[in-house]
Amino acid sequence: MKVAVIMGSASDKEKMMGAVDALNEFGIECESKIMSAHRSPELVKDYVTSAPDRGIRVFICGAGYAAHLAGCVAGQTTLPVIGVPLSGSALSGQDSLYATVQMPKGVPVATVAIDGAYNAGLLAVQMLSLANAPLQEKLKAYRTRMAEEVAKKNQ
Amino acid sequence: MKVAVIMGSASDKEKMMGAVDALNEFGIECESKIMSAHRSPELVKDYVTSAPDRGIRVFICGAGYAAHLAGCVAGQTTLPVIGVPLSGSALSGQDSLYATVQMPKGVPVATVAIDGAYNAGLLAVQMLSLANAPLQEKLKAYRTRMAEEVAKKNQ
Amino acid sequence: MKVAVIMGSASDKEKMMGAVDALNEFGIECESKIMSAHRSPELVKDYVTSAPDRGIRVFICGAGYAAHLAGCVAGQTTLPVIGVPLSGSALSGQDSLYATVQMPKGVPVATVAIDGAYNAGLLAVQMLSLANAPLQEKLKAYRTRMAEEVAKKNQ
Amino acid sequence: MKVAVIMGSASDKEKMMGAVDALNEFGIECESKIMSAHRSPELVKDYVTSAPDRGIRVFICGAGYAAHLAGCVAGQTTLPVIGVPLSGSALSGQDSLYATVQMPKGVPVATVAIDGAYNAGLLAVQMLSLANAPLQEKLKAYRTRMAEEVAKKNQ
Amino acid sequence: MKVAVIMGSASDKEKMMGAVDALNEFGIECESKIMSAHRSPELVKDYVTSAPDRGIRVFICGAGYAAHLAGCVAGQTTLPVIGVPLSGSALSGQDSLYATVQMPKGVPVATVAIDGAYNAGLLAVQMLSLANAPLQEKLKAYRTRMAEEVAKKNQ
Amino acid sequence: MKVAVIMGSASDKEKMMGAVDALNEFGIECESKIMSAHRSPELVKDYVTSAPDRGIRVFICGAGYAAHLAGCVAGQTTLPVIGVPLSGSALSGQDSLYATVQMPKGVPVATVAIDGAYNAGLLAVQMLSLANAPLQEKLKAYRTRMAEEVAKKNQ
Amino acid sequence: MKVAVIMGSASDKEKMMGAVDALNEFGIECESKIMSAHRSPELVKDYVTSAPDRGIRVFICGAGYAAHLAGCVAGQTTLPVIGVPLSGSALSGQDSLYATVQMPKGVPVATVAIDGAYNAGLLAVQMLSLANAPLQEKLKAYRTRMAEEVAKKNQ
Amino acid sequence: MKVAVIMGSASDKEKMMGAVDALNEFGIECESKIMSAHRSPELVKDYVTSAPDRGIRVFICGAGYAAHLAGCVAGQTTLPVIGVPLSGSALSGQDSLYATVQMPKGVPVATVAIDGAYNAGLLAVQMLSLANAPLQEKLKAYRTRMAEEVAKKNQ
C-alpha cells in the first residue's frame, strides 16, 4: 500500500516535500518522481499503468501553470488521483488551480489548496485508511494532537 | 460501506443529484441530507460524528457562496471529505470554489469542479475501491465504456 | 462589555494586532485567542457559547485561505460577528474575502477589508457605542482628529 | 431606534427589499430612501447628518458598480454603516464588492454578500440588540427556528 | 496538407464549426474528430501520431473546463497545435483559457480567443501559407475584402 | 488654467509624482493636495467647490483600495475628473481600478492605468489643449520626440 | 467643435448609442463611424489624422474583446481619446476594460465604465466645456436636474 | 526564412530573450527590434509591411499592460503573428494576456503563456518547419532530448 508523489518539474521538489512529509508521519511508503504530462507523456503512461503492480494505491500530482499532470494521470488509472496546483507562474496558481480542479465528467481529480502538498499527503492517508483500520486510529490521534496544540497556544 | 451526500440547502438538490446517480451506478448505498454549517451546526456535528456507526465511509458535501460545509464536516471527522463547490451566487462559483479548496494545513477537502457532483460520486467510488476489489473492476469497465462511447461518436 | 479577537493561527497575530490597538484606543477590553474552525471546532464552540457570560458582546475573527472562522462563529451566536479576511495564501486574500463575505441568508458576517484588522476594531466600537453614549462622543472626537490630521498634511 | 435603508438608484429597490423585510420581521422601524453619492451628494450629507435626530442608529446602503454610497455615508457619521454590494454591472458585483469592502483605515463599512440585503437587515438587528435585550431573545428564537426548518427538510 | 479539428466532446461541435468554416473558405481539407484527453487518451495518442501520414500538418483543439486536449496533443507531436478555449463552465472560459495558454517551457500551444474557433482556422491557414504561396494571396485578398466591408458599413 | 493633483493619503505621494512631472513638462501649473473622501469629506467639498476660482480646470485624483476620491470629486464638480487607481492593497489595484472606473450614469471619471499618474498628467494637458493651441503644438512635439526615441533604440 | 464616436463593429451600435445621446442632449455635433483597429487599420489612420480638419476635438472609441481601438486612435492623435470597454465576450468586458485602460506611459486613454457609452459622451462634453463657457452652464444645469430627480424619487 | 522578434519597450529585452534563444537553438535567423504600437505606430507599419522582403516569415511580439503590439502587427500582415503577454504591471500579466489573446474575428494572434518567450520561439520554429523538413527532424530530436532529460532526473 504505497502512494506515488509525482511532480512536473525538478523545481517543484521543495513545494511537494510536504506530501512526502505527511506520508512519512503516518508510516506510508511513497515513490517520488519527476515527470511531465507534456515533455514525457510516455513516461507518465508507463509509470501510471505499472504502478498498481508496485503497490501504488493513490497518486499525488503537483504541477504549475496549465497543470495537466493530475488530469493526465487520472485519465490513465481508476485509482484516486490527488492534484496539488502549484503557484510559481505570473498568475500565482490561479491557472494551475483551474487546470487541476475543473475536470470534465468522468475523470475526477481530488484537488487540494494551491501549494497544499501536505494536505494532499494527509488526504491520501485518509483514503488508505478506508482499508486500514489502524491508520484511522492514527488519524484520530493526529487530529486530537492538533486540537491540543491550538489549545496550548492560548495558555 | 455507504456514502453521505449532504448539501447546504434544499435548492441544491438538483445540482447534487449527479453524486447520487454516480453512486447508484456503482451500487453504492448513500444517505442524502440537507444541513447547513451555519444554520444548523449542531445537526452537522451530530450527523457527522454518528455517521461511521451507520456505515458511512466518505462524505460528499455540496454548497454555494462562502461554502463552509465541506470544511466544517472535515473538521469533525477523519474520513475523506469531498467538496462540490456550487455556482448560483453572483460570483458564479468562484466564491464557493475558493471557500472549499483553500483549506488550511491539517484538514484537507478533496475538491472537484464547480457543480461537479457526478465526479464527486465517482471519486467516492474510487476511494471505496481501495478496500473493495470488485469495485476496482467496475471502475475499469466504466472507463472502457467511456472510451468506447467517445470512439463511437467518430463513426 | 468586551470584544473577542480570535484568529485562525498564531501566524495571524501581527496582522490582527490592529484590532486590539483600535479597541485599546477606545478603552474597550478585549480577549485575544487563537482557535481554528477546522482544527479545533470544539474549542470554537465552547469559547463562543460561553463568551456572553464573560461580557463579550462582539466577535472579531481573522482568518486566511478558505476563511471559515467568522462564519463558524456566526453560526454559534446571535451577537454581531466581524470578519477580517487575511492575505497570505497564493490568492492574496481573494480566497479569504470570498469565504468571509459571501455568507448565505440567515447568518451574516460584517466583513471589512483584506487585512483590515484596525477597521474591524473600530467597527466593533461603533457597534458597542449604540448602547454606550460616551463611546459615541469618543468616536466623533476620533473622526475630528482624523480630519485635522489630513488638513495638517497640506500645510 | 430606527434603521435607514438607502440605495443608489430606484432600480435597486427590489434587490434591497430583503433588508426591509428582515427589519420588519424583528419589529424594527426603517426609513427607505433613494440617494446617490455622486448624483446627489448634498442630499446624502443632509440625510446622514440629520438622521440621528430622527432615531436612526444604523445605516444600510446598497449600491452597484463603483459602489461609493456606503463609504460616503460612513465618512459622514460615526454610527455603524452596513454595505450591500449589488450585482447588475458587467462585472456581476465584483466591482461593487471591492468598492464597498476595501475601505481605508479609519472608516469601516460592515460589508455583507453581493445582493445580501436580507443579511444586512439581520446584521443591523444584531447590532441594535446590543442595547436591546428582548431583541437578543428574538434573534435566538429566529436561529432556533432556522435550525428546525433545516431539520424538517430531512424528514 | 490537411488540418485536424478535434474537440473534447460532441457538445462542442457547434462552437468549433467556425474552424471548419474558415478552413473551407480557403479550400483547406480537414478532419473533424471528437476525442478526450481524459476519457480516451489512447485514441488521442493513436490519432495524433498517425496524423502526419494522412497529410495533417496542423492541429486545432477545442476544449472547455480544465482544457487539456491541446496540451496533450502538443505533447504527442512537433507539428503546430492551436488551442481554442471553450466557454461553457461556470467560469465562462477563464478556466479553459488558463489551461490552454499557460503551457510550460518546451511544449507551446498557439492559443486563440475563448470560443475563437474561426480565428483558429484562419491561423492554421496562415501557418500553412508559409509553404504555400497561393494561400498567401488568398489571405491578402480576404484581408482586403474585410477592410472593404468595414468601409462599406460607413456609407 | 491650473490642474489639481489630489491624493487620498500622504503615502501616495511618490506614486502620484508622475502627474506633477507631466504637468511641469508642459508648463502647466498645479496644486498638489492630500485629502480623503472618507476621512475629510468636508475638506474635499470645500476644496473642489472653491477650485474654479483659483483657476483649476481639471482634477487628477489618485487613491487606492476602495478608491472613492475621484468619484466624490466628480460628484462635486462638472469639470473633468481624471482618476488614477493606485495599487498597494492585497488586491494589487484591481479594487481601486473597479472603484474608480465603474462610475454610474451621469458622473464620469476619466480613468487611466493602475499607478498611471504620468498619463493622468498627460491626459489633463490634452484636455487643456482644447482651449490652448500652443499646448497642442507642444503635445505634437512630445509625440514626435517619443517616436524618435523608440527609433533610436533600434540603432 | 465636434466629437467622433467610433466603434469596432456594427454590432456595437446599440451599446454605443448612449454616447451619441449624451452629445445630442448638449447640442454637440458628432460623427459616428464603424472601423476596426485590426480589420481596417488604414481607415483608422486616415480617419483620425484627417479628423481635426473636420472640427473633431475629442474621440470616443468603443470596442469589445482585446479592445485596441481607443489605444490605436490615441497613438495617431494628441487630442483626448475616451475609451468605452464593451462587454459581449465570454469575459464580460473584463478583457476590453484591461485592454483599454492599461495603456503604457505616453499615450493615455480616458477610460469609462464597461458599456458606459453615455458617460463617455458626458465626459467629452466636460472636456469641450473647458473652451466653451456656455457648455459649463449646461453641465451645471444637468447636474442640478439630476439631483432634483433623485430628490423627487423620495417624495 | 527569418523571424522578427519585436517588443514594446527596451525594458522587455530580458523577458523576450528566450524567443531569440529558441530560434538560435534551431538555427533560425532573427531580427530583434523595439517598437511600440502606440508611441511609434508608423515605425510598426513600415517595419511590418517591409518585413517579407527581408525574409521575415513569422512575427513574435512581446508587450505588457494593454498589450496591443501583437494585434496591431497582425492587422498589418497576413503572416502568422505570435503574441507573448508580458507581466510587469500591477495586474501581473492578466491585462496583457487578455489584450493579446482575445482578438476579434478575422485577425488571430497565436498567444503563448505570460512571459512565455521561449515557447514563442519554439512555436515559430514549428510553423517554419511546415515548409522545412529538416527543421521537423530537429524538433523531434529536441523533443526526444527533453524526454530523456526528464527521465534522467529520476535516476
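The letters A, B, C, D, E, F, G and H name the chains in turn, as written, and every chain counts its residues from 1.
The working rule: a residue touches a chain if its C-beta (ideal position, glycine included) is under 8 Å from a C-beta of that chain, and two chains touch if they have at least 3 such contacts.
These numbers were taken from a predicted model, which means no experiment stands behind them.
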Chains touching both subunit D and subunit H: F, G
Interface composition of copies subunit B and subunit E: same or different, split at half: different
Centroid spacing, where centroids are CA-atom means, of subunit C and subunit E in whole angstrom: 51
Computed distance of Cα centres, subunit F from subunit A, in Å: 49
Rounded Å distance, subunit B centre to subunit H centre (Cα mean): 43
Interface hub residues of subunit H, defined as touching at least two other chains: 36, 39, 65-66, 89, 91-92, 94, 101-104, 106-107, 113-114, 143, 146
Set of all touching chain pairs, with the criterion as stated earlier: A-B, A-C, A-E, A-H, B-C, B-D, B-E, C-D, C-F, D-F, D-G, E-G, E-H, F-G, F-H, G-H
Touching residues on subunit E, where the partner in the complex is subunit B: 10, 33-36, 39-40, 42-43, 65-66, 89-92
Footprint of subunit H on subunit F - complex, ascending: 87, 92-94, 113-115, 143, 146-147, 150-151, 153-154
Complex contact set, residues of subunit F against subunit G: 57-58, 78-80, 82, 97, 101-114, 116, 118-120, 122-123, 126-131, 136, 139-140, 142-143, 146
For the subunit B and subunit C complex, residues of the former touching the latter: 8-9, 36-39, 41, 45, 64-66, 68, 71-72, 74-76, 89, 91, 94-96, 98-104, 106-107
